[in-house]
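Heads up, the next two complexes both have subunit A, just with different partners, subunit B and then subunit C.
After this line comes the complex of A and B, so read on.
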């Protein structure tokens, strides 16, 4: 049985300009031991999908659909029960670690609270476990950092503290939202290696939300590409990179310079900009930027199989 | 190299800071600590390194936006640090800048046309409105913006378009050098390629030189002829693009290149093991000797005792390391 099963998830926000379709008709399953990558640009709905599943949608948002975790629908669960799950069996790490830590409390104490609240662990035992976890996430001089305040940390150390917090209760599902975006490449490599070893040494499921296909390549088993609030392609990581079937996925792979790219060859940029979720185009949201667009693209394409365990939402992607 | 456009000699930018909340000791934060380099006309130089390495401070000191503590910035034989404000204003149109956050670098109450015209009007106070307008429309065309952008306001534009406006503002005075400080880092992936492609095309077409400051080695490799690697305010290595990426000599350059994520699942998993440990040390208390030694896999006693001298093992290539790879 799937650990997390999301079905027909929709997120709508009320705004002065009319309703905003942030997430539309998103369905997927997540299994134990699996690492799922969610790739998309700003406004693609990648973060809103998981905020909605965890009951963290802003108050002007309306969520419909189902998000069944271990047999219970998170969307209809009473708030106190959901709060108990969050931070315990379901954990989310955010990009902005500055605002996710309380500024006036020592980092060690903030981490101890997680265990004391969720697990009823004694302060002494919590301290031991937190120090262990700080070492696991490769916090330099863990004992000394334990007594420090968040503002005394570098960005990389704060992000490691956030990851330690996320991992403390050994969650069944760990959702990392752009965990390395604000970090330097060498620190990014460290953080990704911590996430990789958590995945390899636990039976948990890991969700990695990112705009960076390079980050996804080394860590995930499966990738969902989102655009305009919808899933446009869903396949194994190997397939996404070797044989992408949605023109957006293919274009994303082409437009990014890599160290293997011939620098004398021009980049193939995608024209235009990602759509504003307040004003999504008719039909396929990628249509206006797609070099292959035809008249049919004015009608919404639905996600359909294009190969074994490979789905794409494109009128032109045909069964292999 | 013939007379270089820009000749930076042993530049230092130190900021005085207090030792601690109640401490009376004065410390000096050496953001840039003795960096020398040259840029030839039409050349593009990439400056790479992690946050805190001093790359942005260096860019600003070259542009005379912040004062240097020591050293010289020589522009076409003239020491920019010795110029008074009026003389520097005359040089401004030669040296332009594009920052990371395009929205905050544009005046929200000015139309895009007026914003782009401003540096040109400042450089040529006598220019009439018709000529200004003609030049602005040309610049809009050069950066790929629709001509009706002229009468619109910055908030009507996306991040990528706003960066095009900032680039139009920089190139309208036909500068000889544009310093770009992380110009694509705040943009969506699909937009980054547009802006990087635009800069490369503009550089080819206008012959302007470029200093491209970035933490993104893939983009630097794509755009720059030569690359300089900084760590904690010091130059670690400098080489032409192809030799730097094919045969990095400094262990830090090697680590930086190895840490770039590769968009290839097979390769990415194969090399997942190599990770540079630790964080950048505090610039207030830099390590003795080689500043990189605390994270360096090859560090030995000598590295703590002596600052490695700048050596140039072959023309166009330099490295500051006691044990560089040949």
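After this line comes the complex of A and C, so read on.
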């Protein structure tokens, strides 16, 4: 049975000029031991999908659909029950750890809190476990860092502390939202290896939200590409890279600079800008930027199988 | 921390010196003098009196003489009431003013802070609108309007509280005799406090709303903490920073407000002596009180800076 099953998830925000469709009709399943990559530009709804599942949508947002975790719908369960799952069996770690850690609380204490709330352990026991976890995520001088404040950490150390926070209760689902953005390449590699080793040494599912296709290629088993709040392609990582079926996925892949790239030539960019979620175009949201767009693209394409374990939301992929 | 505090106190000395100098010049440039109050005196008598108080000397020399004595702690006798020294006047007025000012400021911080935070947590609810109404009223109605209205309601109509006296009259003091020493302060404290409650409620509400939108609050919720813990452990401190930094200016406005409020309620605090002194051109009394007021504001600003370090590790000094 799937560990997490999201069905027809919609997230709408009220705003001054009309509702914002942040997430539309997103459905997917996540299995134990699986690493799912969520790829898309900023505002494509990738973070909002998981914030909604955890009940962390901002107060002006409305969430509909189902998100069944271990047999219970997260969207309808009572708030205290969902709260007990958060940080324990369902952990989410955030991008930009500069603003995601409480500035006036010692990092050690912020980590201990998780264990004290979910496991009811004493402060002394929590301290021991936190120090162990900090060592696991290869925090240098863990004992000393434990007593420090977030602003005394480097970006990489903050991200490590954040990951340690997510791993403390050995979650069944770990959602990492852009865990390596804004980090040096060497630090990125270290962070990814921490995530990889958790995935390999546990039976948990890992969700990696990112716009970095390199990160996706190195770690994930399956990739879901999102655009304009919808899933436009869902396939194994190998399939996505070898045979993308959605023109947006293909365009993203073309944008990657490679070592073979001729430095005299301009880098490839997708023309146009990501759609305004308040004014999504009729039909396929990528239509206005798609070089292959045809008249039919004015009607909304739905996610349909286009190959073994491969789905895409594109009229052209269906016809091929 | 101690050396920082000492350094700050040393910097405060020139500040107070400057304030006293400015007050000195302003007082002496104001027309009139201490001796033209009631009965007209013989010019020769006035000249003798002026000489006795060094008022015939050039202004700068007078200031040097005054400053020299003040630094030795001698603020001299009052010119208009020569049987009382300025120190004695301050000693009688200060306890009354401190009781009034500190009570008003403490209550304003507690009440204003609580109201603001409740408003922020129950945003756009009936409670929030009630808080904002109180805040708007407090800002719109100055102490000198509120004070007579309070007197009319609680003093004249309900006969609950004493009017313009330190005597514990009124039905409240009769019913609860132990309240006796406090009843004369109730209306002055309310009148002095309400504008500050309003400002602090608005500040803390806005700050709390902003803090609750921070990414680290989302992290705290994602950890599965109770909303209670999220607010008290992760949001509250940052939300209190603007309130703490307002306490410096708040002392200044409480001091000026107290001058008016003490006058209206006839409380024998420093504010009343200050006004009498200013009207009588009683230079030493006015300057002595100015030094105390300036000291209070400077001291509070130092306390605010030190509190800031306690609340926000990023501005912690000496580490």
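As a working rule, the second predicted complex is superposed on the first by the 309 of 320 C-alpha atoms of A that agree within 3 Å, B and C clash if a C-alpha of one lies under 4 Å from a C-alpha of the other, contacts with A are read in each partner's own complex, and residues count from 1 in each chain.
In this text, a residue touches a chain if its C-beta (ideal position, glycine included) is under 8 Å from a C-beta of that chain, and two chains touch if they have at least 3 such contacts.
This one's a predicted model, so the numbers in the text were calculated from it and none came from an experiment.
Of the two partner chains placed by the overlay, neither subunit B nor subunit C lies in contact with A:164. Within the superposed three-chain model, A:91 lies in touch with subunit C and out of touch with subunit B [touch as defined at top]. Looking at the shared chain after the overlay, A:241 reaches subunit B, while subunit C stays out of its contact range.
By the touch criterion stated above, A:149 is placed in contact with subunit C alone, subunit B being left untouched. Touch criterion not met for A:11: it reaches neither subunit B nor subunit C.
By the touch criterion stated above, A:121 is placed in contact with neither subunit B nor subunit C.
When both complexes are overlaid on chain A, the residue A:212 reaches subunit B alone and has no touch with subunit C.
By the touch criterion defined above, A:36 lies against neither subunit B nor subunit C after alignment on the C-alpha atoms of chain A. Counting the residues of subunit A that each partner touches, subunit B and subunit C differ, and the larger count belongs to B. Touching of subunit A by both subunit B and subunit C, each in its own complex, is seen for no residue at all. Subunit A contributes residues 41-42, 138, 140, 154-157, 184-190, 192-193, 196, 211-215, 217-219, 237-238, 241, 251-253, 255-261, 263, 266-271, 273-274, 289 to its touches with subunit B in the complex.
The touching residues of subunit C, counted against subunit A in their complex, run 214-216, 218-226, 229, 233-234, 237-238, 311-314. Considering their complex, residues 51, 54, 56, 83-88, 91-92, 94, 96, 99-105, 113-114, 117-118, 149, 151, 162, 165 of subunit A touch subunit C. Those residues of subunit B that touch subunit A in the complex are listed here as 50-51, 158, 160-161, 188-194, 196-197, 200, 215, 217-219, 221-223, 241, 245, 255-269, 272, 274-280.
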